Every structure is written in structure tokens, then in C-alpha cells.
């Protein structure tokens, strides 16, 4: 079978700053392999420790995404499947920073306090794709250490429902800035489709990220990313879900953080009850003992948590009728063919 | 001085369900008196106790607003002043209801729980504009009691910043579904302008509402409402603010509720510090002892609280250079002229 | 009828710093009038603007209470009624302050942030009992203004259940540091009894307080306070409740603040349903339109909100079989007799 | 070196239901090996699916702990180190349950709602210590699956500060019901000492637990547990900390959940800054990229999160001057000697 491959690197003025409210930049068929370039969350403007984000970036031109991509045949009520084949840092450096009144251990716009902002500092990391590491260097001492490279996308999703258009910084039911390290290569993400064509967009690559992105930013990097898109007709998905070879995950985005936990666990409980044929309270019990709760972000306009469970505890039940396996196979074929 | 008066009653297909993302229905000059008809939050479809909202209403066609109104000369960075001259229930009845998984004492989409929804019930109120009352009637017994009529708008605001479009059910920095009983006749509301023309819209009248709108709805009613719009050039307003003859108020909308409290108190502290010429910590102390914290909603996608302080404690400082007094005078002249 | 009157002014080493875990300082019969002296939250050590609380006070010797008082015949499952006859500032001055990492607009022990503390400042107020005012004076400018005197107790309650002993700074089901301006003279407070004798204690007088006590302290003052205690046998009270001549109130103490709101509204809904003979959903609707939500504190280890409703909307229902009226009468007789 | 070994199995009437407020059951020297039997959270009363906890258990006699143990020489300001040598299920069965108004996906006492409770159900697990598994069996279908045995203690800690006594169900700065799967054999836990002798107690064994204990209970089991206690003189510990051969962890317990996240991350950032000699913002950045955030409980009176970082990212820094290594060695020697 011949696979459609579409490569797309947006010009700077093609970058998008919302989910929803924008015309598609490309139209593709289900099954298409997309090779996308994504800019980093600072639009590439922070390159050195002296490039302060609050100086070189301008609101609301932050956290650009590549897209939106119209997927033919995707209609409201369907599900868009996005398999992440590869996520490769585009440069040999990456950056992170504090940002005034942003992050989990600082007063913010919403957790409003009378303190002056924390110092705005930039950290520049060396990225070694061969070794699979990034190098942290302290700014105020000589300490340095290598951390494993673990590339991921902080921002991925589709146009929201109800005629909404949301800043890319917001995670919600449509996806958006989930900022979870679970969104790495090998994962299939599922998003409920709200508008014709789904309007998928992608951005905010991180070379790696700690749980919660506590200072507000990961190891931010432009990425060359390959995904395969497909559409599951007639099956709705209420909140973003992920599938790997070994696990199922549901994402919840809300404040306070316990509501993100509740939403994600609630979806995983009811979803797996359906997949396994369990009573809901039986699924509640099973997830209570077998479930995990990876933390996404605790710094964005909504916080994000995931609920996760090993497929081996679910008796071989398949989500979305085996979509992940099929996309995994397609990805392997595509990779072999390159 | 001759005042422009614009009357507008939207046809059903002219109702709007978002702030942002829509073309204006009217263009007016600053100083214009607007006579607006607003439909109730159910679009008028719930008229009797057997009209269950979840049956007769269809998502996302909920909480319609009248507008948006383009105000000439309003530019990003300006402030829109909206003086509420009169809010009059349009019918001799109004309704309230529970709604599945909506309200403060029920599991919801975000505070996700495994419980079945509470019973969906509708209460129909008699509205007596002459006596100034609404009559509550219990559904499951004969108990009945009159409550004072205190008309207000739950939803008022302008188009959001950052290319966003938001459902009318959401309160945020642009206004929206604040659901506070403080938004009654006699108040001047101030909204920061984010897009050319501001794009003001109004809806969700309540004959009255308890603090927090605990079951999720007020005494919902169509309204005939008169406002006067004006523009304060070159002065930004970070969050919705209200002014009466005797008090200043700041609104904060966020979750958890303490963040709505923090945002509103933070804005009132820093705003009054500037108005009175106080050090910020001195204003913090003064508001700590003289301030009030009226609760708006504790049921919408963001919760809303107000911070309020009597002008008499502020040494006669004027907000926005006396805009409220001028609009109050204009309103009196307009009312006399009718 | 002869009334027992007990006057008690604790020596400094008799002050208590917990609810629970301490022997009673006095034993009284139901119906006793208690004349109590209470020290301010700083133990009287902060007298001038140079007395920084973090220097002159020592943890955990903060927020002392007078008591506990053993009330004869009070047993677990009963309710203690405490009618506040009079709350009179004991001095002609009072103080307020910021305190490092305490308050609503600062990073705290729990809302942990990396900011240095805000400046620690003390404000000294003149108290004029004749005029009924306190005078605010800015620290960093000449601004000064009079605020109405409105004396209240921040801290009142009984020993907790389940063998617990809690710092007086904590509000919870046993009462404690509710910090609500609604606890003023004329109110009857009801506390569920958890241990034999109830072990009532009282402290933390404020000459007045804004909603939420946003900076963390009110206008703190020693008080001479008169209460009448009584016991309602065989009637449990799940959370502190207040009654005035015109209103009923339930207190909820929890974090996040929406849970304090939920707890207080839930108790008021179910309590009034029982009093009026309403179905619970009918009461939910009535409180939704007629209820208020006065904010207590948004700075203590638990936040406190009240739910409040006018008795006139409840068809003349009496709480606790008229206890408030009887204590009101007893208080009037006692006052006449003095 | 001869090691003191103390074995203790409490009689039913020796079980404790608080941290603080109780006399010690044993006094031991630092370095003592303690062999403790702990009852399960139901006091062993729930043995079959028909033993409903709300029927067979009586408040407040829930979640019993074994202790308290007085450790000689431990004084306020010191740190108690507790190395977990072994945690072995005492029976070949264990239980879990829903409980009315307890758990994360149900209305509770604090997240108060008008719903009837979810069904109360008990699940009984087979425990196979040889295979290292527990067997889950659905109640309402035939589904069954084995889960790995991963024994842990939900409840461990010392007497609180400030004359407090707390129910064992509460996690806070003194430890208590942290309910984290990280508290397994091989870990050294550190608790700040608040009273002479520290008064250590232990209970609430789980054969395993999912992240957050979403239904409110783990796979509850009586345990035979071996710990070694030691005292670090003159070093305070502000919040419970854990150390393994490869990682350091800080626990935070609070509501809302983001505050538990903030407290744990704040402690890890400032602790590791001190250990590595980093500026605090440099440590903030390092933890932001290298840190993990294991979820403890999202169902208890306070929620618990941990912040965790691999020691390999900290340049070989040692916590508490190598206490974990020394206890690890002592544990190995003791185990060899048995």
C-alpha cells in the first residue's frame, strides 16, 4: 500500500496561536504520514541566557503551533487518532526559563500575590542526539549534569467545541497544552472531533520535562516530528486519551488539581469498564489498585493529570478496535521504507 | 445634548453563544443609550415545570447573549464603561432548574464523580413587577414564599484577548458569565477592551439570585435592559470592575475559589492603592479591615468572587476620573426625557 | 429566676493554645452567664508598630483562648448553645499586622512559593468605644480614616471529636478559628458536643474584620465578653451554626474554598429542609435564590464560609425549639439587672 | 556490634487511633530493630465481602496504628530516621472497599453533595506471598486478574507539634496517613521530632495501592514489619522525607492538591539546593526537568504528593550525612543474622 506523506514547515507568519478560529494550512487524507516542523514555545527567539522571554517575546505570540491540519472525513462525533512515530530535536541546543508570575512556586495571574516576580533566568542546554542526553548548567555556580533525552510535545490537539477558540497555552477537552511527558514517540493520542476536518495542530516540543513542569517550562526545543493521522468514525472521545503498546491513559485538565485527577480517573474507570465488560464499581476498584496517575502540568491555565493502567490488567481488551496496533504497524512500515 | 438611543431585540437566529468570534450586530457611538432585549439562559424554551432543560435545550445553544455591539473608537488598551440604567423582567414568569451534573452540590464534568445525576426539576416563579416580588413554589410540597425582586444580568462582557472566542457560560477577564447579584441597575461596569469596537454583549437576566447560584441557575428571565456605553481612552482595565454611588468592586474569576478571591482582592488592593495614593501594603491592610467579598458564582467553568469597598473609606478618590457620576447623570437625564 | 454569673480572667499561664487536650479551668451549669476576658491573638505582646509579631511572639504560643469551660450535663451527641450578650474591646487601642508567609495574597507554608516574605508591618488602631469607631493610620503615608467598630470573636468552639486536639488557629467542625464577622453580639452559636462537658473556649477578638481577613489579621483586641451557655440534649449539630433574630447560618471550614462553600450550603439546605418540611431539592432551590454566602477567613489552615438565609423565607420555623429566643430573653433580663 | 531487637504485637485494646495524646507502649534506644505487627485499617473486622465497613467498624476506631514508640534521646528539633527493612503481609487474604462518602469519585464530608452514597462493596483479595501477587476478583462479573504484590504502609509518623493530637487518618507535617506506594521496604523515612521521644507509630499496611487510592482504600492487610530506628541530633526536618538507594523524596500534604504538589516540590528544591550547593533558582530549574511527582492519596483529609529526584542528578550529595547507607548496612547485617 502506498502511503501519502506530507511534509510541512511553516513560515514564521504561518504559525498559529490558537486552537480553533483559523483556516487549515493543509488538507490530508486519513492514513497520511505528516512530517512537521514545530517551533519552540518562545518562537525560537530565546537562544541564549541573555534573551529574556519577557523582553524578546510578545503576548499573545507565544507557544506557536504548526497547523491546523484538516483531516478529510473527520466529523463532529468522530475520533482523531494521532500516532507519534518520531520526535527529533531540530537543533543542538534547547532552552528553559523562569518567566515573571508563571510557574508552580510563584505568585501568578490567578494565584495572585503581592510579591515582586522571581528573577527571570534562562538556562541553555546542549542537546546530544547521539548520546541521547541534554546537559544542564547552573547559572549561579559551576554545577552541571547530563539528563536523558526524552523528546515529547507539550501541545497537541484539535479545534474546540461550541465555536470556541482557545490560546495554545490552555489544555482542555480538545487537547492543547497538556504538557505531559507521556506524549512521546510510540504513543497514539486520541482526540474527540468537534469541527469538520478536526483541525489538528502540534507544537511546544520538549527535550524532556519533569512531572508538573514546576518552573513553568521544559527543555524547550524546535522539533522534526512524524505522525500518522487516522479517523475513527462514529466513536466520540470525551477527553484526550493515549495508548502505548502496554498502557491506556486518559487526560484530565482542570483546576484545582484534584479535579484534573478526578476527570482523568473517571474517564479511565468508565472507559475500561466498557472495554473489559466490568461493572463501574468493579472498574473503580481495579483502577484503585492497578492505576497510576502521571502528573502533566501544574502551571498552565488548567492543570493536567493522566490516569494510566497497564493493558495486561485488562484481559487483552483493545481500545478503538486495535487502532494503535494498526498505526504502530503502519509506522514501522513507513520507517523501514525511508 | 441630544443622546443617541438604539433599541435592539434580536431575532432568534441573531442570538450569540460566544464572546469573540462573531461580527457585530450593531455599531454605536460612545454615549449611546442602548435598549436591549435579552432572552433567558434557556433561550425561552423552559416555560413550565415539564420543560426539562436537558430535553428542550441543545448544547451549545445555551445562555444566549444579545450582541455583540461595536462601540466606535474603542481600541485595545481602552476601557469600556457600561452603565446599567434599568433592568426590567420582560415576562410575568421566570424559571429555575437543576440540570444534570451542573451546580455546586452535585458531581459535575470537572468535579467528576460516579453518582447518577440529581433529579432534574424545574421551578416556575410568578414575577410581580408592581409588588417587586417573585413567588417561589416548592415542587414536592405546598410550601410557597415571596422573595424580593432584584433584577441583574448574569452575563455581560466584551470579546476576549489573544484571538480567543469563549462560550458565554464562562466568566473570565473579559467578563462573561460572572453571575453576581452586584450587576444590577445603578452600577457602572468597566471592561478592558481587547479588540477594536470592544464587542459588548449582554444576557442571562435573573430576577434574583442567591450568593453562588448554588443549584446552578438563578430565577432566569428575559429582560428589557437599558445601558449607556462609553469609552475611557488609554486606560486599561485588567479584570471586570463595578462602581456604584457608594462602592468600588473588582471581579476575579478562576478555580479554585480562593484564586477568584485572591484575584479580586489583589485588583482591589492595587487599584485603590493607586486611587488613594497608598503604599500597597497600607492598602492591603485597609482592604483587610474595610473590604467585603461578595460571592458571584460557584458553579460555572470559572468561579467568580468580587472584592468591594465603600468609597467613604477611600477619601473621596474617583475611579476613571468620575465616569460613573457622569453616566449616572446621563442616565437620569435620559430617564427624565422618556 | 436567679442566674449564675461566673467571671473569669485567665492569668497568662492559664491561657490555652488548643481545643481539646486540656483540663477545664471552670465548671458551670447550663444557663450560666459567663463574663470572660480574652487576650488578643498576639497574647498582648504587640502594642506598637515596632513590636513585630515574628519577634515578640513564639510559636506555638499564638492565638490564646480563654477556657476551656466544662458545662455540666453536656454529653457527646448534644449541642452547646452559646449566646453572645456583649463583646467589648478591653483597651483603647488594637493592632493588626502582616506576618511572614501568612495571609491570602502571599506565599504560605501550604501555598508554598520561592518568594521572600512580604514586609512585616504592624498597624496600631485607636479604638473609640463611645463613637463606635476604630481609626486606621497608613504606615507609609499620612492617610487616615475611621471605620465602624463591629466587635466579634475570631475563635470560639469546643473540644474536637475522635480524641483530637487542635491548635486554636484551625477552624473545623468543632469551631475554632472561624474568623467570621458574623460572630458578633446578639448571635447564638451552636456547637456539636464531642466530649463530656463540651469544653468551650473563646478568644481572638476583633474590633472589626473585612471579609476573608485577607492580610491574615483583623483589628486584634483583648475583649470583655459576656455569653450565656446552654445545652440542647439529644440533638447533634454537625458543623457550627449561628442564629440571629432574623437569620440562620451554617459554617463550613475546608480547603479549597469551594469545599467550605459546599459544606456550609449543604448543611443549610438539609437543615432548613428539615425545619420547614421541604424536600431536599426544594430546599436546594430555595437557598439558591434566597441564600447568602458570607466569607469568613481565606487565610487560616482551613478556610471558612457561611451559608445564611433570612428566617422570613422559612415560614417561621424555629431552630432548636426556640433556644435563641429564650437566650435572647435571658440576656435582656441579665443586662437589665446589671 | 550487638543490635537491640524489640518485637511488639499490640493487644486489641492497645491499638492507637491518634498521633499524639497517648503514652508510649515501648521505649527503645536509637539503633533498635523493631519487629511490629500492624492491624489493617478496618481493625481486622472486614474479612469477607459481606462485612460492610460501615456496619462492622465504629468511628473513631478506624485505621489503628501500632505504637507509639518512645525513642530515647529524640528531642524537638531532631530528626527520626526509620528504615523499612521488611513489610510482609500477615495473612493470605486482604480486603478493599468503597465506603459511604469516602474516595475521590464520590461526594464526601468536605466535597459535600446531595447525592446518595455510592454502593458500599467489599472486595476480598487472595494474597500469594510466594508468587508475589494479589488476586482481584470482580464482584459483579467473573473477571479476575493477578496484580503484583508491592507491600507498603499507608500510615507512619510521629507526634505532631503544638500540643496537637490528630486522627490517624490525617496526613500532615508529622507524617500520618500519607498513603503513598513509595513507603515500601528499602526506604528510609525521615520525620521531624516534635516531642521528647518522637513517639513513632505505624499502621495501615497495603499489599499494593494505585496512585491516589482513588476509591479510598488500598489492598488492606495486617503486616509483620521490621524497621530500624535512629535519631539525627540537631537537624530539623520540616516535612516527611524518604530516601532510597537511588532517590530522594519530599512529601507534602494539603488541599487543594496543587498545594500538596507545591509543598513537596518546594521542599525538594530547597533541600537539594542545600545538598548540592546550588542557588535556589538553579535547583528550581534542575528539579523542573529531572523531578518526578508521585501521587500519594487524593482521598484523605489532606491529599499527599511526593516530589522525587534521582540521586545521580545531584552529584553524589548525601542526605543526613549518609544515614540511609548506614541503616541499609545495619538492615543487611540484621537480615543475615536471622
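Which chain is which? They are A, B, C and D, in the order written, and residues in each are numbered from 1.
Everything below uses one rule, namely that contacts are C-beta pairs under 8 Å (C-beta built on N, C-alpha and C of every residue); 3 or more make two chains touch, one makes a residue touch a chain.
Predicted model, so just to flag it, every value in this text is computed and none were measured.
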Going by the average position of its CA atoms, which chain sits the greatest distance from chain D? B
Between C-D and A-D, more contacting C-beta pairs sit at A-D
Taking each chain's mean CA coordinate, chain C and chain D are separated, in whole Å, by 35
Which whole number of Å gives the spacing of the CA centres of chain A and chain C? 48
When centres are defined as mean Cα positions, the distance from chain A to chain D in whole Å is 33
Could you pull out the residues of chain C that touch at least 2 other chains? 105, 111-114, 118, 255-256, 262, 265-266, 269, 281, 284
Which positions of chain A touch chain C when the two form their complex? 105-107, 111-116, 118, 256
So in the complex, the part of chain A that touches chain B is made up of which residues? 17-18, 20-21, 59-60, 109-114, 161-167, 252, 254-256, 259, 262-263, 265-267, 269, 280-281, 284
In the complex, the residues of chain B that touch chain C are 96, 98, 104-105, 118-119, 121, 123, 134, 136, 138-141, 143, 145, 147, 208-219, 255-258, 261-262, 265-266, 269, 276-279, 281-282, 284-293, 295, 298, 303, 305, 313-315
